[in-house]
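What follows is a pair of complexes built around subunit A, which joins subunit B in one and subunit C in the other.
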Partner chain A sequence: MVSVDPQIWIAAFFTIAATSYAFRDNVVFKFAENTFIGVAAGHTIVMGVKNIRDYGWTHIMQGEMIYSVAFLLGILLYARFHRDYYWLYRYPIAFLVGNGIGISIRAAIHSDFIVQVAATASPLIKSDALGTVNALITFVGVVTSISHFIFTQEKIHEGAIGIVPKIGRWMMLLAFGASFGNTVMSRFGMYQGRIIFLLREWLQII
Partner chain B sequence: MSIWEKMTSLPREIVMGLVLIAMIIPAMNPLGLPLFTGDMSRAWYNTVDALPAGSVVLFDVGYGSGGYPSLGPGNIAAFHQMFEKDLKIVMMATALEGSMMYPLVMEGVKPEQNYGAVYGEDYVFLGYIAGGQTAMAGVLGDLKALVSVDYEGTSVDSLSIMDNVNGADDFDLVAYMTTAGGTAEGWVYQAYSQYNADVLGGCLSMMTTSIKPYYDSGQILGIMDGIKGAADLEFLTGHPGDAIVSSDILSFTQALVLIFILIGNVSFWMTRGKGEAS
Partner chain C sequence: MDYRRDIPLAITFLIGIIAVLDYYTGVQVITDTFTLIKNWGVVIQGFALGLGAVNLLRVHGKRISQRSGGTDWMFSGWLLLMMAMFIVVGLGTGQYDAGPTYSWIYNAIYLPLGATMYSSLAFYMAYGSYKVLRARNFDAALLFITAVLVIMGNTPALAATFPGLFYTREWIFGPIVSGAYRGIRIGIGMGAVVLGIRTLLGMETGYLGRR
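This part shows the complex of A and B:
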C-alpha cells in the first residue's frame, strides 16, 4: 500500500525528480534543482543568523564586549560592495586567513608529515606476515612515489634506475584505482539509500 | 556498426536503467550474501566498547542530507552502542545540515524509549558551529567560552551533562562522521595532534583512501567506511538496519559495474584497430 503521508510524497517526488537527470536533462529535474537551491539558501541564512545570535550576540548580552570586534570584522566583509571603502574588507579577510593558517599549520605538519614519516619508517618486519607485507608495500610505495616527483635530476628517470619512479607511477595508479572503486561505492551508497526509501517508505513494498 | 562498436557507446539511459534494476531486485528479494566485517570497523567498535560507563564522547554529526544514506545508518548504530554502554554524548555539527540530520538519527535510536536516556543528562546537541577547524579548536580548547546555549537555546550551564565538560581533557573520545575531507583531517589535527585525544572517524567510502593513513599511523583508532562500515557496525552492535539491507544491493550493483568495466575494456580492444585505421 502506498504511503498517504504528504511529506513522504514530497520526498519521493524530489528523489525521482533529482535522479531523473541520470537519464536525461528535463524540466522536472530543473524544478527540483531550483527548489533545492532555494531551500538550501534559506536554510543557510537561518543557520547563519542563529550562529550570529548563539555565538556572538548572546556573549555581548552577557557583557563580553570583546565579541563586538568579531561583529565589526563581520560587517567589514561587506565593504567590498562599496566603491570607495572596498579596501576595508581586506582586514577581516587577513584575520580569517591568518587565524585559519595559525590554527591548522602546526597540527598539519605534525599529523601529515612527522607522524606519517615515523609510521613509514617503523620496522618493516611485523609480528604477523600480513603486517610485514603491508609495511613493505607502504615503504616501497612511499619511496618510489616520491622519486617520481624528483624533476631536478633527469637521470633518475632514465636507465636502470628509471624503474624506481616507474614503480612509483604504478603505485599511484593503483591508489587512483582504489579511490575510483571507493567513489563508485560511495555514490551507489547514496543512491541506494533513496531507492530503499522509495520502496519502503513510499511504495511500502519491502 | 559491429556489436563491439555498439558496446563502446552504450546510451547512459540503458546503463542507469540496469543499475536501477540491479538495486531494486536485491532490495525486494534479499539474497543474504555473507558480510565480512572489516578491521577498521572492528577497531571502531572495540574502541567504544573499551570505554567505561559514564565516559564522555564528543560526536560531530558532520554531514547533510546527501551523506545521510551512507553515514546515517552507521551513526544510528554507533549511538546504539554508546547509549547501551551508558556513555555521555556531547553532539555538535560542523556541517550546516548536520542540525537537520540530528533528529533523523535520534528518531532511529530513540534513546529515551530504548535506553531511558535523558536529554541534558545523558546527551546534548549543541547544534551547528561555523568555522571548521576554528570551531573544533574552540570546542576542544574552551567549550563554554564558545558555546553558551545548546541547539534549542537552553543555557549549557543548566544541563548536568555539561557540568564537568570544558574542553579536550574532559572528553574520553572524539568521534565524527563527515562528508568533508577538511573536517575529517581537521579533527585529527585539532583533537589528536593538539591534545593527543582518542579519535574515531566516519566518512564516505570515497574518502577512506585519504583518511586511512591517519588510521595506519595510529592517529585515528577506527574508521567507519561509508555504507560498508555502517553495515559492519550494525552487525557488530546487533542493531541491523538500512546498511545491512544495503549490503546485498551494493554487492549486486558493484558486480554490474565490474561487468560494465569488462565490457568497456574488451570493446575498446576489439575496436581499437578499426579506430587507428580510420
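This part shows the complex of A and C:
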C-alpha cells in the first residue's frame, strides 16, 4: 500500500530526483538542485533573522541600547554595493574577523596544541606488548608527520634524514586512506537511510 | 590616519585581543565585554546572511532578465521563488522555524534533498576512488590498503563473517590515524596561531578587499 501523504510523496520525489544525477545530468536533477539551493538560502535567512531577534532585538527591547551598534554594523555590510562608500563594509568585516580570530587562537592553542602534545607525551612502555607497539607507532607518527611540514629547513627533506619526513608522509597517507574509507561508508549508510525511507514510508513494502 | 584602512585594522586588533584576554585572564569585565562582542557577532552574521541573499538575487535576477543559459533562467526563477516561499512562511507567521507550515515544507523538501544530496556524493567518491586509488605507486597503494580495510571493516556482513576485519579497522583508527592526525593538528594549531597573530597585528589584510 503506497503512502497517500503528500508530504511523503514530495520527499520521495526529491529523493529520487537528487539521485538521478548518478546516471547523468538531467532536467529533473536541475529542478531538484535549484529547489535545494533556494530552500537552503531561504532557511538560512529565516534562521539569521531569528538570531538577530534573539541576540539583538530582544536586548534593545529590554533597554540595552548598546546593541543598536550591532545593528548599525550589520547595515554597514550593505555599503559594499555603494560605489563611493563601499569601504564602510570593512568595519563590520573587521569586527567579524577579529572575533573569529580571537576565538580560533584560543581553540587552536588549547585543543590543537596543548591537548595533542599532552596526549603524545605519555610513557611509551605500556603494561602489554601491543600497547607498547601502539604507543611507539603513535609517537613516530606524530613526530614524523610534523617533520613533513618543516619547510624552513629544506635539508630535512634530503639525504639520510629525509627518511623521517618520508615516514611522516606514509603515515599520513595511511590515515587519509582510513578517513576516506570511513567517509565513503558513512555516506553509503546515509544513502541506505534514504532507500529505507522510499521502501518503508513511501512504498510501504518493508 | 586612513580611516578606510586603519580603523578596521584597529577594530580587528581590539576585538581579537579581548577574545584572547577573556580566555587567559577570566576578569569579569573582560568576560562581560566578550559576551557582548559574541552577541554582536551573531547579529552581524545575521545581516551578512542577508548579503548572501542579495547576491543570489543579483545573480539569478540578471539571468532571468537576460533569459540566458537556454532554459536555465526558468530554474533561476524557481530558485528565487523557493527562497521567497521559505522567507515568507518563516517570517510572515512570526514563528520562524517553529511554525507547523514551515516544519511541513522543511520536512517535505529541505530534509530529503539535503540528506540525499549529501549521501549521494558516496557514488562519486566511490567512482573517484576507483580512478585515483588504483595502486600506481607506493603512495597510492598505502591510501588504497587502509581505505579498503576500513571499508571492509565497516561492512556489517563482512565484519560479522571475518571479525578480524573489524579489529583491524579499530587498530588502524588507533595508533596510525591518531598518530598522523595528531601531528597534523599540532601543525594546524601552530599555523592558526601564527596566522591569527599576523592578522591581529595588521600584517595580513586580505579580508579588507582590494579596492
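The definition used in the following text is that the second predicted complex is superposed on the first by the 188 of 206 C-alpha atoms of A that agree within 3 Å, B and C clash if a C-alpha of one lies under 4 Å from a C-alpha of the other, contacts with A are read in each partner's own complex, and residues count from 1 in each chain.
The definition used in the following text is that contacts are C-beta pairs under 8 Å (C-beta built on N, C-alpha and C of every residue); 3 or more make two chains touch, one makes a residue touch a chain.
As the structure is a prediction and not an experimental result, all values here were calculated from the model.
Using the contact criterion defined above for the overlaid structures, shared-chain residue A:R169 touches subunit C, although it does not reach subunit B. Judged by the touch definition given at the top, the superposed model places A:I205 against subunit B, while subunit C stays out of reach.
Shared-chain residue A:Q62: touches subunit B; no touch with subunit C. Of the two partner chains placed by the overlay, only subunit B lies in contact with A:A118; subunit C stays clear of it. Put simply, more of the residues of subunit A are touched by C, taking subunit B and subunit C as the two choices. In the superposed model, A:A70 makes contact with subunit C only, not with subunit B. Of the two partner chains placed by superposition, only subunit C is touched by A:V143; subunit B is not. When both complexes are overlaid on chain A, the residue A:K30 reaches subunit C alone and has no touch with subunit B. Once the two complexes are laid over each other on the shared chain, residue contacts for A:A94 go to subunit C alone; subunit B is not touched.
Counting contacts as defined above, subunit A residues 22, 43-44, 47-48, 50-51, 55, 59, 99, 103-104, 106, 108, 111-112, 116, 119, 138, 175, 178-179, 182-185, 187-191, 193-194 meet subunit B in one complex and subunit C in the other.
Touching subunit A in their complex are the following residues of subunit B: 12-13, 16-17, 19-20, 23-24, 27-28, 66-70, 72, 96-97, 99-100, 127-130, 132-134, 137, 146-149, 153, 185-186, 188-190, 192-194, 204-209, 213-214, 216-219, 226-228, 242, 245-246, 249-250, 253-254, 257.
In the complex of the two chains, the subunit A residues touching subunit B come out as 22-24, 43-44, 47-48, 50-51, 54-55, 58-59, 62, 99-100, 103-104, 106-108, 110-112, 115-116, 118-119, 138, 175, 178-179, 182-196, 199, 205-206. Residues of subunit C that touch subunit A in their complex: 4-5, 7-9, 11-20, 23, 36-54, 56, 72, 75-76, 78-87, 90-91, 96-97, 102, 104-123, 125-126, 129, 133, 139, 142-151, 154-155, 169, 171-190, 192-193, 196-197, 199-200, 207-209, 211.
The touching residues of subunit A, counted against subunit C in their complex, run 6-7, 10-12, 14-15, 18-19, 21-22, 30-52, 55-56, 59, 66-67, 69-71, 73-75, 77-78, 80-81, 86-87, 90-99, 101-106, 108-109, 111-113, 116-117, 119-120, 133-135, 137-146, 148-149, 168-185, 187-191, 193-194, 197.
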